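Structures are listed in the sections that come next.
Both complexes shown next keep chain A, but they swap its partner, so chain B is in the first and chain C is in the second.
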Partner chain A sequence: MQTGLSTQNAPSPSVVIPHFVFGALMFLASGIVMMLAAPSLIFHYHLNAQMLSLTHLMVLGFISVIIFGSLYQLIPVVMEVKLYSEVLAKITFYLFGVGLIILVISFWGANFGSGQNWRWFEISGTLILVAVLLFAFNTLKSASKSKRKDISNLFIVTAIIYLVLTVSLAIMMIINFALHFIPVNLLDLLKMHLNLGLMGWFLFLIIGVASKLMPMFLIIHKLPKYLLKYAYILLNAGLIMMVSAFYFYPQTWIIGLSSLLLFAGVGLFLYFNYYAFKHRLRKKLDVGLKLSKVAFLLLAFVLTLSVLDILSPDFIASFQYRIDIALIMSIIFGFLTALVLGQTYKTLPFIIWLKVYKTKVGKQKTPLPQELYSSRVAQWHTMTFLIAFLLLIVGELAAIVWLIQLAAAFFILTAALYNYNVFKIVFHKDKLLNHE
Partner chain B sequence: MSNIKTLTAKEQEILQLLKTVVDPEVAVNIVDLGLVYEINLKEDKQSIQVIMTMSTRGCPLGDVIVENVQLVIEANYSGYKADVEVVWEPEWSPDLITEAGRKAIEEL
Partner chain C sequence: MHHLEIRLMKITAKTKISAIIKNDPHAIDVIASINKHFRKLKNPILSKLLASRVSVADAAKIGGITTKTFLNTLKTHGYEVELPQIDQEDNHSNQHITKMNKDNILELDVRPILAGGVDPFEEIMKTLKTMPDDQTLLIINTFEPVPLLNILEKRGYEYETERPEPGLIHCYLHKSGKAPIESPTATATPPADSFEKVENLFKGKMKEIDVRDMEMPMPMVTILEELEKLTDGNALFVHHKRLPQYLLPELENRSFQLVHKVIDENNLNLIIFK
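Up next, the complex of A and B:
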């Protein structure tokens, strides 16, 4: 194989495809859970069982599972190495899936009182932790063989380390409920977990992958990658300072300072994307890239909401908690969801296309990867997603349950349409076209 | 050595043939994308060497494009061996896209 070409490094589709199928189904399940949980989603207390059930179903079941699958495919692409172990990847998938389902059900029925039985939390937490450790071992072992040491790879490797920290802290929190060995209050622990997960795992990973793939998808050259080096330093400094502050010294000024560093890092990444979209040769965006553009606009919205949340001016004091919830919902159901929906169309069709047509290219005319799904259905679910997101945020800010239920209905519709396309791609059969 | 500006008539034919090889991501042919650097037809050795690049290292479909180039040449030049070499220097840049390629990308 020639250096720099990675198709032959790609893992077997049987490693990657189950992640997309499971993730798509969990997105649908999240819409249904949101509908059922809507009356609880306006309450602000730290251990809101229904809220925790929903958010974990989304971040682990939908977003992380699809990211795992995508990374198994992308690591060979961006790092030019083979995946260390496909068997380990399959074991990871099942451990993670089973652990997730038990965890979500445990959250739903939890009261977190003195009579709370923690056994199922311990079982599910252990399954997820083992899965994450195996995932980290597999991907980091692969990465260690790579000769390509660039900023994109560094972001991806760092993200995986933050994932391990996020999940390790979660299981320590579960044990702490029984043993009380961590000398930190629950709220600060939850904030550490939340920041490590959202800023550490998701954001670092997204920056790493986006900085590699955007030039390919948008046809652009000479992106200002040096900005990402500054972003890497700012984001790490901000995150480590914030998490340490929550543990050792939870004072407002240090949280404010670390937030500033994080905002600056996110700002640089947003500017990087703005530059990429502005200078792209490919002017007309396909649905995958349109959704990615929506995601980056939503990230700007998240950033604005975060600044408001941190500055906490007097006029928002009476409903600050609603902004807290709206902020978390904007990250999970806005930015991350839009990005995963969009990147599905930039990843899954290629995996299936390679599987079905790789040996036929050049011999017969084949369809293009983007012809494996319905663009019209993808456009529809882009619209329903935007309506769902808007209803959810207004519903959360105004604390109106029926608006959240309406948002849930639109999320269900979005997920159903998205599932239609995912299954259409996955079950695509060889469709050779006539010779021209 | 014939870079694509100094091709012989027969090498020009091969270049035109390579316009049937499309990058599946952008649906534009590899010649108009500026991916083909050199074509060397060696009649005595019955070989056709293509020196080309990809728009980015680690292109997910790179191997497929290379195989496609080989297949198209060998199917149309019976008895000839296609030797496709991928190079990363000089680095590809959008300046290499032809006018037709630029138009096709804009119309995507």
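Up next, the complex of A and C:
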């Protein structure tokens, strides 16, 4: 069987690399913002300006930007298509970056009272929405040309649709502050936005990407992919039910039921990962995979925390709101951060390695991608990350500001070491030039 | 030192011009000196446009000389070349079409487009797409657009070229009525049943490797290392998990060809050869 081959699917490195550099810098900025925001991070009200500033900087500036860059690289490879437009990808990057920075500054200074000026929210929100629509158009248009339709690709495509919904809802909320046209209370709208973003965008995306990359990185020949089909149905049903409930019928029982579906879906995904891990041929894990393993252990932790949060037994009822915050923090600063840190080491070195050495491979002894960064520095920031995470969660649960500040210091240290490696990789120079 | 190493690369009729230039930028001057058609290569835009698509045999045809003459010129400048055993000067452009109906003609002069430094490929494809099946397209150019014609032939077009005067090419194109033999996206691969053909061709002359249990990027590294060791007339048979997306462009750069056969979801056979 021979099908048509396009021999040049991978995008130009100039599309992908800026995402990693910007993302790494925004992670460092997040550490600093956490330090400054620490005194506000123990207060639980829904429009906590400093908290919103920090979380949006993390999820958009660090996590989503690196995901965008990785998807531009990954979609052509796993779907065997060319990226629809590289120019569009570059435009998207700048619109998104500028929009994000304005948004984060706007949140920081906001009071959300009657005197609140919404102008900068409207501008930044529009920039981000346009960027996300362009991103979705570019990636979905590429995906539509693919002949490979499997469950992993379906998860990725669905995630992108949820991202568009998440950002569209945010824009509607901004407009609603002025016009009050949505007949739903603000808290329920925020919950819709939060669930669409964390579950719809991040979780679906991670399942899609992980199920593609795991066999490559861990070397596994047969995976129980049918489990993911059930997970797909459960997660979609749970998420759509929950989000609709917040809008139309915010009753505890239906929220509980949809949570059960979501738990079952996440559980299946965790089991899938556990299976992959047990059956891998590659036994020794490099630092990128160790961080990814940490991420999935943290996901199990998140799952436990959310069960507690929803069941709300008597012994925690008195500090329920602290669990709410700890839960969101452990998803963003725990699970997602560990995964992005780890996957950076599996993606970025390879892109640069390919760019620098592809014409020399086989002809000369070239360095390997993992020799482009300092593994020791990566080990260190795995440690500092875990310390930072632990301090943050304890700080949030116990509502102790100095613990959160200490956590911020460790996040800054983590980010500084991570940036060191990212820049070391990006500025890697051909080691073989002196042979000529 | 630099120069000596470069010239060890063996140039055959199938070698891409881009590969020659990539290995030794001085080669542009040598090729440009062959005759005035090749001076176009010194224009950086045209060079980028043409060199990547054109093999030595194609280039010779564009310049209106034989492959042998082309290779001999390179040889006199110290490049190692492999002359074709039989002089396979393919005049197939004029061979397989005897009479083409030239009543209903649409003319497209691509010389101004090329002069502006733009690849006329898109323009030609656009014109062909909108042209009714019973019409014939006349492309006016300064050289025979061999790479384009090769692609169009696979997509079910017939062509005929004329040289009304030196330096001027008239190329007539129309739908042949035969089904295209390849999918429209195919540019670098031989036609459908060729895996078995290639497999038979290299029977007993293939080295077999299995890269399925290797971690990225070791499959790519291993394959390219093995290809460097491969002697002429031999091929490499690879057990792979999927179609190696990053390897494909590099194979093309190194003038290798590839056929593949899907065994199952996690197993794919590749044969790589020159």
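General remarks:
We adopt the following convention: the second predicted complex is superposed on the first by the 425 of 436 C-alpha atoms of A that agree within 3 Å, B and C clash if a C-alpha of one lies under 4 Å from a C-alpha of the other, contacts with A are read in each partner's own complex, and residues count from 1 in each chain.
Here, contacts are C-beta pairs under 8 Å (C-beta built on N, C-alpha and C of every residue); 3 or more make two chains touch, one makes a residue touch a chain.
In this text the structure is predicted, and so the values were computed from the model without any measurement.
Looking at the shared chain after the overlay, A:219 reaches both chain B and chain C. Touch criterion met: A:80 reaches chain B and chain C at once. Look at A:358: by the touch rule set out above, it reaches both chain B and chain C. Contacts of A:350 after superposition: both chain B and chain C are touched.
In the superposition on chain A, A:283 makes contact with chain B only, while chain C stays out of contact range. Once the two complexes are overlaid on the shared chain, A:369 sits against chain B and chain C alike.
Common to the chain B and chain C interfaces on chain A are residues 1-8, 10, 77, 80, 215-217, 219, 221-222, 281-282, 350, 353-354, 358, 361-363, 368-369.
Considering their complex, residues 1-8, 10, 77-80, 148, 212, 215-217, 219-222, 281-284, 286, 350, 353-354, 358, 361-363, 368-370 of chain A touch chain B. The touching residues of chain A, counted against chain C in their complex, run 1-10, 76-77, 80, 215-217, 219, 221-222, 281-282, 350, 353-354, 358-359, 361-363, 366, 368-369, 436. Chain C meets chain A in the complex at residues 1-2, 22, 182-195, 212-217, 220-221, 223-228, 241, 243, 245-246, 248-253, 258-262, 266. Put simply, chain B touches chain A in their complex at residues 21-22, 24-27, 54-64, 66-72, 75, 85-86, 88, 92-94, 97, 102, 105-108.
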